[in-house]
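Take a look at the structure set out below.
Letters A, B, C and D mark the chains as written, and numbering starts fresh at 1 in each.
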Amino acid sequence: VSAKPCNVDDVEALAREKLPQWVYDFIAGGTEDELTLRANRDAFQRLVLLPRVLIDVGHIDTTTDVLGHVLRMPVLLAPAGSQRVMHPEGEIASARSAADFGTVFTLSSTATSSIEEVAEASNGPKWFQLYMIGGRPVAERLVQRAEEAGYQAVCLTVDSARHSKRERDIRNQPPFQAEMAPRNFEGLLDYSQIAHNARVTWEDVDWLCSITSMPIVLKGIVRPDDALRAVEHGIRGIVVSNHGGRQLDGTIATIDALPDIVGAVNGRTEVLLDGGVRRGTDILKALALGAQAVLVGRAYLWGLAAAGQHGVSDVLELLRYELEIAMALAGCPTIADIDASMVRR
Amino acid sequence: VSAKPCNVDDVEALAREKLPQWVYDFIAGGTEDELTLRANRDAFQRLVLLPRVLIDVGHIDTTTDVLGHVLRMPVLLAPAGSQRVMHPEGEIASARSAADFGTVFTLSSTATSSIEEVAEASNGPKWFQLYMIGGRPVAERLVQRAEEAGYQAVCLTVDSARHSKRERDIRNQPPFQAEMAPRNFEGLLDYSQIAHNARVTWEDVDWLCSITSMPIVLKGIVRPDDALRAVEHGIRGIVVSNHGGRQLDGTIATIDALPDIVGAVNGRTEVLLDGGVRRGTDILKALALGAQAVLVGRAYLWGLAAAGQHGVSDVLELLRYELEIAMALAGCPTIADIDASMVRR
Amino acid sequence: VSAKPCNVDDVEALAREKLPQWVYDFIAGGTEDELTLRANRDAFQRLVLLPRVLIDVGHIDTTTDVLGHVLRMPVLLAPAGSQRVMHPEGEIASARSAADFGTVFTLSSTATSSIEEVAEASNGPKWFQLYMIGGRPVAERLVQRAEEAGYQAVCLTVDSARHSKRERDIRNQPPFQAEMAPRNFEGLLDYSQIAHNARVTWEDVDWLCSITSMPIVLKGIVRPDDALRAVEHGIRGIVVSNHGGRQLDGTIATIDALPDIVGAVNGRTEVLLDGGVRRGTDILKALALGAQAVLVGRAYLWGLAAAGQHGVSDVLELLRYELEIAMALAGCPTIADIDASMVRR
Amino acid sequence: VSAKPCNVDDVEALAREKLPQWVYDFIAGGTEDELTLRANRDAFQRLVLLPRVLIDVGHIDTTTDVLGHVLRMPVLLAPAGSQRVMHPEGEIASARSAADFGTVFTLSSTATSSIEEVAEASNGPKWFQLYMIGGRPVAERLVQRAEEAGYQAVCLTVDSARHSKRERDIRNQPPFQAEMAPRNFEGLLDYSQIAHNARVTWEDVDWLCSITSMPIVLKGIVRPDDALRAVEHGIRGIVVSNHGGRQLDGTIATIDALPDIVGAVNGRTEVLLDGGVRRGTDILKALALGAQAVLVGRAYLWGLAAAGQHGVSDVLELLRYELEIAMALAGCPTIADIDASMVRR
């Protein structure tokens, strides 16, 4: 695996060599029996493509719009905390890579770099992911800081009312490390006070909309009725997500949940997806089934762990290269050409 | 596996270290090719969950009613004989654990502790499982004793007209051990007379109803027509069960049999289920498909074998913890919130 | 595997220890990629059973009628040549075992014992399996001899117009052995003249019906239209068979082909089945889907190879024992009670 | 594997022994995760056959017509470049074998023997496969040369707008070898100028039709709408193909794509198929689902690598022998007898 990685699996292998086992497991693992972790990948692989031929694909345009912003490709960086444990530069490296590449970096509430540090390091498009830990006052302070720092959206994670049983982590008993401390809560909450907030409801969503001019994206929806409810609450974007198989084990694979949700919202909100995206063809499949874009988590974290900012960039270029080939071979010169006829179960 | 077990599989591993192989096999094994043993687990894992989000799950209430009694969670201890072979305290330990926890212990006809011993040791809710070995006179005596001792229901097992071919046991040729002798039949039947009764019919069910004020639960039903017949005979509860894959090999997985039965009885009797329950999410799936509660057998027996009464308690607490997390992450603060929309095949 | 075998797999293991590899492979193998060989077993295992409860199964009656003859159980011995290579007593041992047990022995055209030798050795019910090698004159002579010797039916194999590519045999290059020579053709054909007859048609079937008073059974049908055609030609019985996966690789599993054929003939001919029967529950499944009885081939040949006549008897008793348990646990005291509701895909 | 090969897998094993690993991988490999490579084979194996019985199959006629030419069997040699890397005689050996056998050899644009060399060496039926590398002028020159040299059709590959990511090749970094240089482009393009042409469209197809009297075959169609469009453009034949799993990974298995395409074109163009054909029964399945014939690629290349022209002939004879047996056992004396009732999913 010492040669140049030619796919994301190779990058993961490089990262695994560098990381302590517990960090590797922290990234790679899912919850309980890891049914959903595997299901996310398997469901992508069960979908088949029906490429169209004899289209001029001499120029492939992978750019797309997400929430009114142009991205170089329909792939965003998903929120993920604790990145300094993976690489000394942590979220700073990831954010810079996203900016250089031309896509959104989503900063986690529990990041090991603060809202302001990331904003200072990167002037690319940034979203702020919010856990409502500490209730409305803390959330309000975080959202204000993100808005002031130039973040462009708030991504509220809604699938994490409770800590799930990630059994790899339970067995590994990760050592406490100072660099793991979430930086955003300094002055707001002690490290010991940081815990999931199980009481967040649609009323909090309305409140959140009321305190910021940034659009709100809800991440962690797998049900059409919840997606419709998001539409009713004026939500601009949702992420079909099961937290990468890290929250409720047995949750439906995201790519399997996507079509009903796209059908239900019928264009009234943008539908993104994460979970199991490892190949350009996965992106093509998700877009064919109606996603506006996808988010990648583990894929870029392997790059970060393997080689810092350059590693993240390598992963993004790999995915873009694979997507470009996939679009060309599928007869889709632009993102708009990727339609439902491209994919079959 | 020497660390604290973090799931039921870990507890099984601990038990396996302690038990002679033949006892391990006696508990773990199924009949013939063990198709149904595996199918029970596989069928649970094939079901996917569709969690609901943005519900206040700050307080999760796992309590439920079964036959009019409040249980701390919708999990009962299934009948299982020969428990003194697994641990010196046998059924006493299991019954005490159930009582401490707040759920039903079901004492097997072929238990190695008697009806009265268990009643004396535990004042928790108890059911008595009946095999009609020895015909009506013996059954009547057993039922009277159970009623006098304060048991609250009779659970008649109806899937065991004959000894099945449990090939692990046939190969292991378990040594005879005095502590394996069923205690309930002392004075009623010789050990050598204890055999399955293949002649039990619906008339015996009616007779059984007539001799006791305790509700009768039929355990071992997988067909909607049999479930309907139970309703016609005034039965208060049924257990969708294939005896944990230990009787007729090839029998439908219980979770696959459940929906048609729930549909057929349409609320006129309580429908319980056992077979393959290992995770809190399994409980959630069974309830979403219409079960009132589930019974666990092997799961708690591994706890008994590993650590006696404390081991059983550990398993019950594990399951409750997993169920609580599953309910929270699924957006179901109470058992009543778990509906059919939570699960999909 | 030195203990008493508790299932047919055990008997196969015993046989394997005794047999030269090429004989083991000759029995165990299928054609080409052995897709159908595996499919026959897999298809049985994919069917699930729905046992009925609270039926008096104190007495189980496994007897049934096939072509007007009462058999002790709905299992016949399928035709199989070359049995002296498997055990010195060859077909004689198998025929005697069938007679002692109370079921039909089907003598192969290419048996290593003659029609008359088998008739002399066994007065049980016997069928004669016919390949029309050598055309009508040879066939007529064989059929006459069978009729004179008291055989009760002619079983014409119709799935073997050509030698298939059994690659295990091609690789093993079985040594020529004098005892492999088919005995029935002595005086009729040289060993070198014995070859498949690719020209047999429905006209030959009519001719065959015209030259004997024995009923004709067609073995090797998997299509409803062919089954209907058999009905039109006045055929009394058909065997849904793919020659145990030894002829056309990829052929549908017999238990999957059965229901459409049963539906098509609608009782106008008796429908038997072979292919993949290893357990009492397999027999139950086949009968539930409409078979009148099944034939076993490899199952009894493993018994023959392991222990001669006693080995065959052990296998038959094993299957009967398993069938009896399966019927009891399924709530079917008689063969007539086994209906379509017992099984589901 | 030193004995005479009895199937294509054996031939592959022989070839593997002889070839450098990178050449073996170049032939055997697919693109990216090789999902489609495996799917092509798996999809054939999931189809089951329903053989018809009691048909006179004493004479089997495997001849068929493709584009008005009689072939000895419905199997053509697919285009494949670089054959001199596999065997010193390269395409010459393959073309001669096809001619001797009595079927079509399709010469690749990127062959290591020129159009004229192959025509000189073989007077059998030949097609010329075209990549429009270098645009219309180069294509026109190649097509003219093919027509002058007596080729009978032009096979335009339409699934290869771009180089795909064949990761085995990327990892192996094949050494440059002079004999790999495509011969057809000498004097037309430098080796360094040879690249995919991503701009080919249906207009180029019309242009191609206009410059030659040879029929045009489009290879690489998996969508019914593209097949219909081919009909509208007057195309005489299409090949349902995913380039043997070497172009867009995840593309539908060809045998799964076939039925809808056959239904759509409804006889207005000839439909061929390649991808995953390894057995006579695969050919039977493809024809039953409506293919006029199949093309084999890897299958004959293994023969070429193992033993040159004789090796290719061995593979063709193997396939013909298997097809003949399959037709006989399926009750199909002629190709016209192979109908849709022969196969079921």
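Going forward, a contact is a pair of C-beta atoms (placed from the backbone, for glycine too) under 8 Å apart; a residue touches a chain by one contact, two chains touch by 3 or more.
Here the structure is a predicted model, which means the values were calculated and not measured.
The two copies, chain B and chain C, are related by a rotation of 90°, based on C-alpha atoms and rounded to the nearest 5. When each chain is reduced to the average of its Cα atoms, C sits farthest from chain A. Chain A and chain B have centres, each the mean of its CA atoms, that are 42 Å apart. Between chain B and chain D, the centres computed from C-alpha atoms are 60 Å apart.
The set of chain B residues that touch two or more partner chains is empty. Chain pairs that touch, as defined above: A-B, A-D, B-C, C-D. Taken together, the chain D residues at the contact with chain C in this complex read 3, 6-7, 45, 47-58, 279, 281, 285, 321-322, 325-326, 328-331, 341, 344.
By the touch criterion given at the top, residues 32-33, 35, 39, 158-165, 167, 170-171, 198-202, 204-205, 218, 220-223, 225-226, 229, 247-253, 256-257 of chain B touch chain C in their complex.
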